[in-house]
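What follows is a pair of complexes built around subunit A, which joins subunit B in one and subunit C in the other.
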Partner chain A sequence: MQQKYLFGRGWSVFVPILLLLPGFILYLMIALGPSIATSVYSFTDATGIRGAPVNWVGLENYEEFLLRGVASRDNIDALKRTLIFCFFVTTIQFTVGLFVALLLNQRIRGRMFFRTLFFVPVILGVAIQGLIWKLFLLPSGGPVAQFLSLFGVQSEFLGGQPSEAFAWVIVVQIWANMGITMVIFLAGLQTIPNELYEAGRIDGAGRWDLFRHVTWPMLTPSVNTNIVLNIIGSLQAWQLFLVLIGYRPGTQVLGYLVFAQGFGQTSGAVTSAFRQGFAAAASIVLFFLVLIIGLAAQYFVNRREQKLYV
Partner chain B sequence: MKKTRWIVITMLVVLSLVLVACGGTEETTEPAVEPTVAETTEEQAEEVAETGEEPVAEEAPAEDAAPLTLRVLIHQNPPMVEFMEAFNDKFEAAYPNVTVDMSIVETGDLATVTQTRLSANDVDVIDIFGFSNAAQPYMKDVTPPNWQTLIEAGLLLDITDQTFVANYDEATIRDAGSYNDKVYSINLGRVSYSGVFVNKDLFAANGVEIPTTWDELVAACQTFTDAGLSCMTVGGADGWPVFVGSYGLLGAMYPDQEAMVEGLWTGTLKWDDPETLKLWERYQTYTTQMLEAGVTGLSHDAGPARFAAGDVAMMPSGVWQAPALEAAEPEFDWSYIPFPGSDNPEDNQYLFGKYDQGWAVAANSPNQAAALDYLAMFSEPDNYQEFVNAVGFIPTQPTATLETKLGAEVAPYLENYRVGFEQFWVAPKGAGQWANGSQGASWFQPFNEWDDAAALAAQSQADLQAGLDASQ
Partner chain C sequence: MTMTTQTSLNTARIPERTGRSIDWAKVGTYAILILIAILYVGPLLMLFITSFKTLGEFFRAPISLPTSFSFDNYIEAWDKANFPRYLVNSVIYTVVATTIFVLTSIFVAFPIARGYFRGAKVILTLYVIALFLPPALIPQFQLILNLGLYNSRLGYIMLFLINPIAIIILVNYIKTVPKELDESAAMDGCGYFRFVLQIVLPLIRPAVATVIVLHAIGIWNELILPTIYLSNSNLYPVTRGLIVFEGVYGSNWPALAAAVIILMIPMLILFLFLQRYIIAGLTEGSVKG
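Up next, the complex of A and B:
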């Protein structure tokens, strides 16, 4: 049988390559190139200032980040905090997103309105998200403070204990991104044929049985997508920390540490040095963390998907 | 086949456009159009007639000078922004071929934006803080400050020979704008951040004298608290105002702040010495007993309005908040005093601070001549005096005076003005997050987790010592 060529024969077979070339060049410039440059920078004392000398320092940045003095203790703490943040954001955002999607997939009045309402935070910028919650969580006179005061509870929210401020950033991160999780689940729910539910009901299945034996397995692609997106998104998150609590001891995550070191934001002084070589080393550590956890998650969700469809 | 050929041609055109768009434009290397003397204004003519002296930099360009845009970068400070907008109009009127394009960024973003725009040759005049935190001979293995790297990278113009530099006092030029005997920046003013704004009416109404020692301050706060009032407020939501508010306490106990930094580096002073422990205990008293409840949610910018509301007795903060305080409540009667942090009244006579905003010119600027004209015109005594009055800086031109209420308040202490700890401090690599004890006040509850002064002092010293040991 003669093979069909979508773009013709002869030199026309290069058309797909040409079509892919602009995208590849763009990817090379804004993703792959900087990533490779970052890994090279991590072995230098680069400041990011054009014209400033860049010296090769070998593994010194990694040694300083992971081993030197007690700064390494703070860095490892930031790493642990990143994992804690990732765990809570991923699990809660996933669960709440699924629950809301299931609710809004019902034939209820105003469901389009509620879908929009839950998705709106996603389209707001981080600065706006932060401002809204800063006002919402004002310790004196803010709505949450007033509500809690009804029960005799007082809190400093974002400006108080590091653990409490950290917990509030988890809440805001979930609020800000739950809409995406919900939309992915909604899209998955709408691909499930109604006949499966009807057949289940005829067989006497209750609501829980229908969810467990029809919805959940059929949602597998959405579940997998959300798990991977939530894990990677939360491991890389740092902007909300900047906007909501700033660089305070006991609250930094790895992504924020990279930014603060790279752009002289660690001490609050305006003359701090830019340590972009050191920040590059920290970001490579973060990269490996994302890679290991991301690949592990990908492996498990792929295996689950294969089990279901084979 | 024809269709495929068209697709290929179209793709090639698109690809070419993408590549062209991504390529950098050739840098303009031609020298800037230098404004030339065209005519003397009537006002200048009168000035010459009166004084017999030529004006310093009131040169206007020729009518046919090519138009150019002067890109100026400043940080957010409302009174300064307002002044600069008016000054830009004045400059544009004097130099009709120049349009000033002024960008304003948040203070915390200034260093990043400066570095980015200097590297991209996208700025002509930059706002740069006084040169500080330089590596000292006793410091080992520390990263040079950002300003030093900018100079060494050749990004700041050497302005040593510019005539307007002489308008500023020698100490300012030497300490805040020079490196390796060359001048790179003119600094526009000192600020004090160690004082306390005092609500005079509230003190009088409660029969409290202005405190001159730590014990008097504690007693005053107790009186206000007993009367149902708040003793102090700061913009706690931004974090830094909490420890900046305690810089006066640090300074009162250690008036020689440069020696303090050296002592900590060389080991002759420790954060957990018995004497220093008193500092930590006072930090804790300041955060837990003196600051009003709810300051963790109050932003720095909202501080003056909160203080001017009239039911808080004191606000430890920098002099830069004076214009905002006056704007918030013009009739409000306040005073600015050194933080009475020491038991000895003599040690409570110092104001500590830093060199604030300065101007520098991008070395690669295609508009260097216009940029220098901009600085020259700004540095003219009359313009500088207006600037000082608007912003509230302690002047760095010897002929200028701070003719505001704040000026009168700080005048008695100007002889005792000193540069503060944070301008000298550089943390050794490997030191932990608690090593900079000057920020200690903000680590106590409710701002952070600590509630034991001795334990925190020991932790601070341990974090510093680990860095010192690592740098050996």
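Up next, the complex of A and C:
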């Protein structure tokens, strides 16, 4: 609703709009416009070369992405892998983050230390996160290799089988972002009034009862935020793949495929540089994946909320 | 659970801690926390140890302690990796883009929060839906390319002049500033521009600090955009520079580890001071739902 403008009359009522324009026009030009234009580009054969002609190709990019049998297999595999990545990252990061938050919500010595330690990777960024783990996972005599060799396990880690390399990226992804899940849960836990726990204890409730009947329902907003954030975040995450293993057949997820096709950063069998129209189509596919799963998650958490409050 | 509240109030007490009995719950808590902490300290410790070893030492025994303590690797990394230049670039990108972004976004957020023009709600919605739209990557590249700003500082900075989440944080915070303030300021003849900069800005400092910190960290850590938009190594920020250094020095882990630490230390120090704002930004809105 429009409020009465207080700082003058006549032409001066346009001052706020004039001052808003620089920020807003930048936003339209750099974010909103391009975002919408992605769908337009997905119907063309645009390249990344300045001045090269751009032709309308209709649904060809989508057809190539999804429906060309063997030729589309890499794309479909990347799509499946994106879902697998999302599933493991979301469930493990959610569970570990909640568990750690519960442990750190007690009155114990060293709380701040642990909380800070678990959060540190978040601010380091993917380049540093990735390099730290490349060293930690050094196959010849690195810490993890030495530890596993105690059990007679030998491995090439990031250089091993594609499925193993993929699994290690999941580990690093969780390591890097668990801190966010944790702080969101901790913020939620701090809003639960202590009286509820005291009342529960007086009624003879044990730890599990208190969690089940006090903590879990009271934590609903943070639970919902974390579910949605983790799902959307992990569907779109791929930068750690770039730093940790590069573009390797059998490991890519959709986000990486978009980048590799659009900007030619490929190596190995599936190379085709600067196919930006195709990349735009792939990113629209990813967008629909995020939209459908994100909306389903939103629907699910909303229903949970209604059940709790009705 | 069968006891009535009345009787339990009299009889059941939370057990008192005594000096002798061991609190197993607490022992378990520490045991688990320390196990997880190993996964966090371990990689950092490995990095730290490696950075002080000679290459020979590292190949012989990667996880042993260094035999001598020298900063040779740091000196080598600093000299050979072009870090002074990369650091200057990163500082330029981060400071310029964050400053322009924050100044423009305050003037976007304030009138939206106040509803001082027709269509304020619509504009806010345009910011909210951005979180759900397809990635802008490809058309954005075409735009910068056709503006002739590929591989330039200006083009690269432009990419960071937007942040819809930050606008939403600012709008929400400005709504907590009482509107009477606008009225009395206007009555005293204070102009709009001066009012926003001199009176509103100091009042919304916590939100502005959060936005600055989140936005700046995002720019500083960005790896993909410099890979896409900058091909001249004189323009690289530190993230890209680090990956390039890895490409050249891939097997020289001592030098590489030193390089990572050089870039990590400023972030860690800043983090210890700004932790509050970072966490505030990330948990904003999550508690209320």
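The rule we apply is simple: the second predicted complex is superposed on the first by the 274 of 310 C-alpha atoms of A that agree within 3 Å, B and C clash if a C-alpha of one lies under 4 Å from a C-alpha of the other, contacts with A are read in each partner's own complex, and residues count from 1 in each chain.
Keep this in mind: a residue touches a chain if its C-beta (ideal position, glycine included) is under 8 Å from a C-beta of that chain, and two chains touch if they have at least 3 such contacts.
All figures in this text were calculated on a predicted structure; none of them were measured in a lab.
Touch criterion not met for A:Cys86: it reaches neither subunit B nor subunit C. By the touch criterion stated above, A:Thr116 is placed in contact with subunit C alone, subunit B being left untouched.
For subunit A, the partner that touches more of its residues is C, with subunit B and subunit C as the two candidates. When both complexes are overlaid on chain A, the residue A:Ser140 reaches subunit B and subunit C alike. Once the two complexes are laid over each other on the shared chain, residue contacts for A:Leu19 go to subunit B and to subunit C alike. Of the two partner chains, neither subunit B nor subunit C is touched by A:Leu254. Of the two partner chains placed by superposition, subunit B and subunit C are both touched by A:Gly8. Contacts of A:Leu291 after superposition: subunit C is touched, whereas subunit B is not reached. Once the two complexes are overlaid on the shared chain, A:Met29 sits against subunit B and subunit C alike. In the superposition on chain A, A:Ala237 makes contact with neither subunit B nor subunit C.
Across the superposed pair, subunit B and subunit C both touch subunit A at residues 7-8, 12, 15, 19, 22, 26, 29, 48, 50, 138, 140-142, 263, 265. Taken in their complex, subunit A has these residues touching subunit C: 1-3, 5-8, 12-13, 15-17, 19-20, 22-24, 26-27, 29-41, 46, 48, 50, 96, 99-100, 103-104, 106, 108, 110, 114, 116-128, 131-133, 135-136, 138, 140-143, 146, 175, 180, 183-184, 187-188, 191, 201-205, 207, 220-222, 224-226, 236, 239, 242-243, 258-259, 262-263, 265, 276, 279-280, 283-284, 286-287, 291, 294, 305. Note for the complex: subunit C touches subunit A at residues 1, 3, 5, 8-9, 12, 14, 25-26, 29-30, 32-33, 36-37, 39-44, 46-47, 50, 61-63, 104-105, 107-108, 110-112, 114-118, 120-121, 123, 126-127, 130, 132-143, 145-146, 150, 158-159, 161-162, 164, 179, 182-183, 186, 190-193, 195-196, 217, 220-224, 227-228, 239-240, 242-243, 246, 253, 256-257, 260, 263-264, 267-268, 271-272, 275, 278-279, 282-283, 285-289. On subunit B, the positions that touch subunit A within their shared complex are 1, 4, 7-8, 11-12, 14-15, 18-19, 22, 107-108, 110-112, 115, 118-119, 129, 131-133, 143-147, 149-150, 152-155, 236-240, 293-298, 422, 427-434, 436, 439, 442-443, 445-449, 462-463, 466-467, 469-470.
Those residues of subunit A whose C-beta lies close enough to touch subunit B in the complex are 7-8, 12, 15, 18-19, 21-22, 25-26, 29, 47-53, 64, 68-74, 134, 137-142, 156-163, 245-250, 263-265, 267-275.
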